[in-house]
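One structure follows; several queries about it will come next.
In order of appearance the chains are A, B, C and D, and numbering begins at 1 in each one.
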Amino acid sequence: MIELRSDNTAGVAPEILAALQAANTGSALAYGGDDLTAHLHDVVRTVFEHPTARAFPVTSGTAANSLALSASTPPWGAVLCHPSAHIVTAEGGATSMYGGGAVMQGVGGSHALIDPERLRSALDKVRWGDPHESQPSVLSLTLPSDFGTLYRPDEIAVLTGIARERGMRVHVDGARIANAVAALGCSPADVTWRAGVDVLSLGATKNGALSAEAIVVFDDRIADELVYRTKRAGHVTSKMRFQSAQVTAYLTDELWLRLAANSNQRMAELATELASLAPYGVRLQERVDVNMAFVELPSTAIDALASEVLFYRMSDTSARLVTSWQTTAEDVAAAGARFREAVTRTG
Amino acid sequence: MIELRSDNTAGVAPEILAALQAANTGSALAYGGDDLTAHLHDVVRTVFEHPTARAFPVTSGTAANSLALSASTPPWGAVLCHPSAHIVTAEGGATSMYGGGAVMQGVGGSHALIDPERLRSALDKVRWGDPHESQPSVLSLTLPSDFGTLYRPDEIAVLTGIARERGMRVHVDGARIANAVAALGCSPADVTWRAGVDVLSLGATKNGALSAEAIVVFDDRIADELVYRTKRAGHVTSKMRFQSAQVTAYLTDELWLRLAANSNQRMAELATELASLAPYGVRLQERVDVNMAFVELPSTAIDALASEVLFYRMSDTSARLVTSWQTTAEDVAAAGARFREAVTRTG
Amino acid sequence: MIELRSDNTAGVAPEILAALQAANTGSALAYGGDDLTAHLHDVVRTVFEHPTARAFPVTSGTAANSLALSASTPPWGAVLCHPSAHIVTAEGGATSMYGGGAVMQGVGGSHALIDPERLRSALDKVRWGDPHESQPSVLSLTLPSDFGTLYRPDEIAVLTGIARERGMRVHVDGARIANAVAALGCSPADVTWRAGVDVLSLGATKNGALSAEAIVVFDDRIADELVYRTKRAGHVTSKMRFQSAQVTAYLTDELWLRLAANSNQRMAELATELASLAPYGVRLQERVDVNMAFVELPSTAIDALASEVLFYRMSDTSARLVTSWQTTAEDVAAAGARFREAVTRTG
Amino acid sequence: MIELRSDNTAGVAPEILAALQAANTGSALAYGGDDLTAHLHDVVRTVFEHPTARAFPVTSGTAANSLALSASTPPWGAVLCHPSAHIVTAEGGATSMYGGGAVMQGVGGSHALIDPERLRSALDKVRWGDPHESQPSVLSLTLPSDFGTLYRPDEIAVLTGIARERGMRVHVDGARIANAVAALGCSPADVTWRAGVDVLSLGATKNGALSAEAIVVFDDRIADELVYRTKRAGHVTSKMRFQSAQVTAYLTDELWLRLAANSNQRMAELATELASLAPYGVRLQERVDVNMAFVELPSTAIDALASEVLFYRMSDTSARLVTSWQTTAEDVAAAGARFREAVTRTG
């Protein structure tokens, strides 16, 4: 079976496992009092070219997002995001729970990206200062989006500009931020603080780590709250050094970007193959900017594929395909062949 | 330096690291949809001799305690525990946060253990059903206590009996439960469900695992809530298989009890040595039931020791000492010698 | 100035003020321990023809809605309602706060009423039992809607049927329920429990009371929770007898329906007059089912009216008009004349 | 039956009922947008001699306390108060609920008053900045205490000084603040902001109002939060003018102090009488500083009294007695006679 369900199903990258093993020496203070965690702040400052950024290792993307947001909004605030955002659709209300009842409000746009005009219009209608209405407090962007599409740095800056004019903060859900940075060919700073972002959920798990994510904070007031919020959420693990070791290895020597470049490249190859199957009723439903494709094809073809390729079926006639750091060119070639076979045979 | 600060400073046991590495093969469904996590339920049912027990891997003891408690109490409930309990003193209010404003109330007793008569008396004073008063809903026992003392199974049963008569549930904070089971020489069931316990925070991290704990649930209503509560707290990690693999290895072939037996044994040796120093002003402040000792000694001796032995200083004239699965007989002999030297030299 | 801003701006009805004064005799137990509050349950059982209904007096509609909903949903639930519902647009996130992070999700439909097909379709897409997704737990209907439109009893039954099939509960925001019952000419039971409703926010303040609303509960499990939830929210007032006296007077001898019938009738007269102004660019934007109208008219006319009639301006060319129990036929005749004048003069 | 159960059982003072009726004229904006509420700020500024104080009318003391505290503490904070404080013993955990999981910690002292040395000692032991430990954030004083005892202004200043040195805020639960001010003969400012208090729960209901309390805020940051927190708690009533009218009348021409002076004076008379019964086994258990006494007497005497005097029995041999603005000299004389009779007859 060829694995294309999710980058979440992949294993741990050898470099990261090695770092984890290397950290298993001697004793060290618990709860982040160790040297590896202290060092992680420096790593993050270097990689993000920011003098005071701070990193909070947590163990899941949901934790990263909801804790980051809870430290950025008052309980009576509203977090604005695209209706397709993971924080709304797939985190069980974590943001409202940690946020003390803060709400999430959708702002639409094509390609799963927030449209600046719609954002502006939504904010123009707000009765600012009126306690009867939840007050927009944070703009949360997903990069790449849950449909695998990207904002460019200048597009991010336009959105954050609109939000910041109203005193809002900006969060980026970067569960796959490495794929975004690798695809955009920009610096990590370009899609974060230089573009007006205050706090980033830096994903690592989908891209080779073992339940290690980090909240990267560019605003000290948010970081100061996170010291307490992470602890009382049970997200300050006692053996944090093993998470810090992973994130450090991940960000060192551009490992994160190399791993992401592989999954992006593999998906590009697969997408090219799929595009060539247009005559047989195959259609890419969305831009393929990173390592994810949504594809429409005859239901009989999907049925036929199900025994050879692992993927998420979105409907009778559509599927989501995701490559990972582990996906090989052979996997993709094989998958492409299966797709071709399935649609030509059943077409 | 000889490490006696905390079992939390120790590393990962080889068997557990091996299991983690072994799990890094092939791809697997995320968020606990994998085979290793499915298997963990069976492991727990066998070890705890309970047909329907369920296990929820989480990444910290604070998460295990506060999530277990939040699933056991209504928001208007009160969790009763010893004033020295970790949930009150060292978790930043996590139980009240996850519990929607549930409160914690102390019930005293010597040796850091709840006194049954005090528990009964506290419950007799409650205005049951009166919403003006927080309603006692859960009894939380710490086993071993934060001062390293143990309840025997029959003592647990007396306490849970008092609580259950009033319809309360019972939680055990078992951050070091392996040390308790190993020391008591009983079966895991004897100190949990057979003694009237509904839900257990099963610690593994302090005893050789890598940020892996599990909530073990003997009551389906609590388990059904935890499905949702763990997710929205960000404690359903995407690569849960690596936690499940650890906990499985930990509970297999009594590894957990063997690791704990070592730390208990090492502390017993150290305690014997310390007891022999009584003529020099050394006094054990508390019973030594497991791997932890609180010792009083001249402040000059403590000062002298600080450069050779790592420990927590509790006051000018007292220290906490903890052994771990990694502590060796040589460590303990060396530590004992240092203590002897320090008190005889300075005494 | 003729008052058409809101029924919330009206005063206290003489019968209710008299009841309040009558209650000011002798001493009485606080916090609902008084005879008047005990009697209120009977009043509600009679009026709603339900043998076990219970009433919880609270002091605002926001309290009634959010407390009722918090007792009907788990924290990981989703409350489904029309996007125009007051609980979403005008209560500052109260439901998410009291609900421990429960979310609200919009289900659309014309005339500010939920469309059964859209409800069914939304529920069909839910991944039931999957903790990654907020689980629909309560259907909240607004009767009349925030645009003054009504569901008929049979329409309510269809919606509640769809919800109850999925194990959901049903809440009615009845801030103006008296207007609905009066307009529909049905019994209070017909639009509540007989149509599948579990809990009702019974408004009284907009219709002649003084900060007195009541949560009327037809499901004992919800009521049992409200005993605690109302208290810890500070909504169990010490002198509850003065609220119970109001609600009792309100529900006695159909006072509530008579007061509502007046506001409905006055709005009907005004709507007739406005409809006759169609040749001058006046248009009712929504059905006028109760005491509320949304009207479109030339902006110059709105400008001209502003000095003579009090109303809420919704946009450059539209206004909301609301009559109350205090609005007289003379008020309406005068208002109609002003509208005629304004549109003919400026038209 | 002579009523001595609680000042909460009394009715509404004529001046306040008159003000409420006077407010029932014309229409007015809802939710505090009315002139009476706007004026209330001025009233409070005059009475408290503070240029920027703001008042938030709420409908219960529990609401006043818990909302005031939630606006003064971060969710990871601890509210320090006497173990006998109403917020701990009788509000169902409201402060932890509104406070997002903030905890309450007791600091003892005789006469139900916090001892400065114990406060200092508790604060000296805190690991400030350590997220494992709830961080003391607010000192909450109860004035008068739940046992009817008073701090003098200079005693308050000592306590607030200790708290403010650590950056804590100070709240006063003034459910009976009028009794305190009347008894101390000081200005309202002397026991609040001039003594270092940031926010006051100003009770009125126990002393003649109808479910009307106010949060009086001397710190704008707390007030700015309360704008939102009161609304989403359902404590911004639509007909707020009727509460504002009450509080205004209450604070005008020293009505509040006159009403409180009566209850204080009546209790002083009763206490004198009770003290004279010492030979018969009657003993005042606590200082009688305001309108409340705790008295020990033979159980047979209590039994005998129960059919003639209404009071709260605290134990077999003790009772709580409270006078109110409505208690007359005749009531007290009669009650005294009954006590004398009961103890001499049964003694």
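As a working rule, a residue touches a chain if its C-beta (ideal position, glycine included) is under 8 Å from a C-beta of that chain, and two chains touch if they have at least 3 such contacts.
For clarity, every value in this text was computed on a predicted model and none was experimentally measured.
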- Note on the structure: When B-D and C-D are ranked by contacting C-beta pairs, first comes C-D
- Task: Work out the mean Cα position per chain and let me know which chain is farthest from chain A.
- Result: D
- Item | Rounded Å distance, chain C centre to chain D centre (Cα mean) | 35
- Note on the structure: CA centroids of chain B and chain D: separation to the nearest Å works out as 42
- Message: Can you pull out the residues of chain D that are in contact with at least two other chains?
- Response: 31, 75-76, 91-94, 97, 100-101, 131-132, 228, 231-232, 236
- Item | Residues of chain B defined as touching chain D within the complex | 75-76, 78, 89-104, 131-134
- Sort out for me which residues of chain D touch chain C in the complex. 3, 5-6, 8-12, 17, 20-21, 24-31, 58-64, 66-67, 91-94, 97, 205-206, 210-211, 228, 231-240, 242-243, 310, 326
- Query: chain C touches which residues of chain B in the complex?
  - Reply: 31, 74-76, 100-101, 129, 131-132, 135, 225, 227-232, 236
